[in-house]
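For reference, the structure discussed in these notes is given below.
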């Protein structure tokens, strides 16, 4: 897969090639296009795994936007795995929202292409480079608008160097906790299903935290991620990982 | 050239941006809008028919004199002028969404792009391509953004109407222009 | 116009400084100095004899296309040259603080912004947006600043009461209102 080959992770694991893709939707769309997949019928299990592998390979596995998408894909994958009653008319394809967003994003892509073309044409026409220096005359008219003033008030207050203003917000992601949970499970059993790692009734933050913890453990070579069949579940096992995900 | 054409030409040369018809009329209080249009046309013809290296272009709801595109490579090669730097894909995407959905809040842009856009948005405002155009009535009264005349100028568009209509795009989808807090179709 | 003249015209128009003969020759490696001089002369004649509002001028540093001096006054009067200006972020921040805390001393503004504001404050006073409104009773009796009627006029406000109250601003403001009783407008 060329996506992964295009970038490398540096020693620190820090994000090195974020600019390669303009966001998770861009990466996802690239994966889909490269494999000439029908956007309205995405093989989620396959794409989810490739996405996780790609963000890991690109060193994007610490960027919240990408992790959120990874969690979303895994959730859809799990939803699709759940048995559903026959003839259930209320059943909604869990991929529908993702497809809508991808199409919308593809449309943005097309507009970007058009805008870039126009900008390139315009870049070949130069305006006058030299304009007369200001003679002695009143300063040019001033523009002041309320919205800008209010924005500035916001900015000033946010930037105020006063410790009094610190507000403690509970950290939604608890990677440390998730890491401890995964390690406990590993000690107990040596291997388990990805879904078990999320715990009962996981919130999106739990899913992301767990995913992050597992990816980090995999990076450190302390767990191995195994998927026996293309649409099967992901197992987490103890031991070094030869190939990430 | 008649006196008004001469004056318009000088004014267009002196300004570093496109001048609107209204601004050009200020040059001569006695001239009607038709006079100004006629004089502009005579400047345009003069450049086109005289084989000049510059031309009069209708852009950003105004008029501007620009060099002819076929000369750009030679001027750049001679290192007399640099082409403007291109915007990053992230900046272009943000700009595209704002252009079609304006006035639009940051959250909506982030929803479509799937990433945080603080930094990119600040850059676009600093570069003068985007500006705050108001506040939404919604929760927290978020700021709303829109494109500026400079955006049109740098794309060589006379007005926003020249942007491709959504039904002309190959990816047909619910109109992007339908502004709403909920983006679902 | 011949090809070289056209190229010279475009280069002289788009360059940000006068161009020397040597620089102009870079446009066409095959052209001799005499060719370039000849082409410059043809551009000059074209402008002079066609009744244009611009002219080709040989200044100490090289060649330049300029608007004709006799038209300058009319262009200046029409105020077309300058883009209406926006305040810098620094000026805007200082203004925002003064608007909400007036009457306020320089030290307090500096404490909030974390930088010296002398220059910015002077600019705001010069532009008539801010003025000295009194002296504090405190140590050294420092000057106190407030906004002017022009400030209200530019924002389209009838009075300071129309400025949104701080508690109407975004959520980020809430803690400030809570900790600083003296911040209320």
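Think of it as A, B and C in the order they're written, each chain with its own count starting at 1.
The criterion applied here is as follows: a contact is a pair of C-beta atoms (placed from the backbone, for glycine too) under 8 Å apart; a residue touches a chain by one contact, two chains touch by 3 or more.
None of the values given here were measured: they were computed from a predicted structure.
Farthest chain from chain A, judged by C-alpha centroids: C. With centres taken as mean CA coordinates, the chain nearest to the overall protein centre is B. Distance between chain centres (mean CA atoms), chain A to chain C: 40 Å. Computed from the mean C-alpha positions, the centre of chain B lies at a distance of 20 Å from the centre of chain C. A separation of 32 Å divides the Cα centre of chain A from that of chain B.
Across the assembly, chain B contributes 13-17, 65, 67-68, 75, 81 as residues in contact with two or more other chains. Contact with two or more other chains is made by residues 126-129, 131-132, 145, 148, 150 of chain A. Those residues of chain B lying in contact with chain A across their complex are 13-17, 57, 64-69, 72-73, 75, 81, 83-84, 86-90, 92-93, 95-97, 99-100, 112-116, 131-135, 143-144, 154-157, 163-164, 166, 169-171, 173, 176, 183-185. The part of chain C that touches chain B in the complex is made up of residues 1-2, 5-11, 13-16, 19, 23, 26-28, 46, 50-54, 65, 67-68, 71, 74-75, 78-81, 83, 168-171.
Only residues 126-132, 134-135, 137, 139-146, 148-150, 152-162, 164-165, 167 of chain A touch chain C when the two sit together in their complex. Those residues of chain A whose C-beta lies close enough to touch chain B in the complex are 19, 22-26, 64-65, 69, 100-101, 103-112, 114-116, 118-129, 131-132, 145, 147-148, 150-151.
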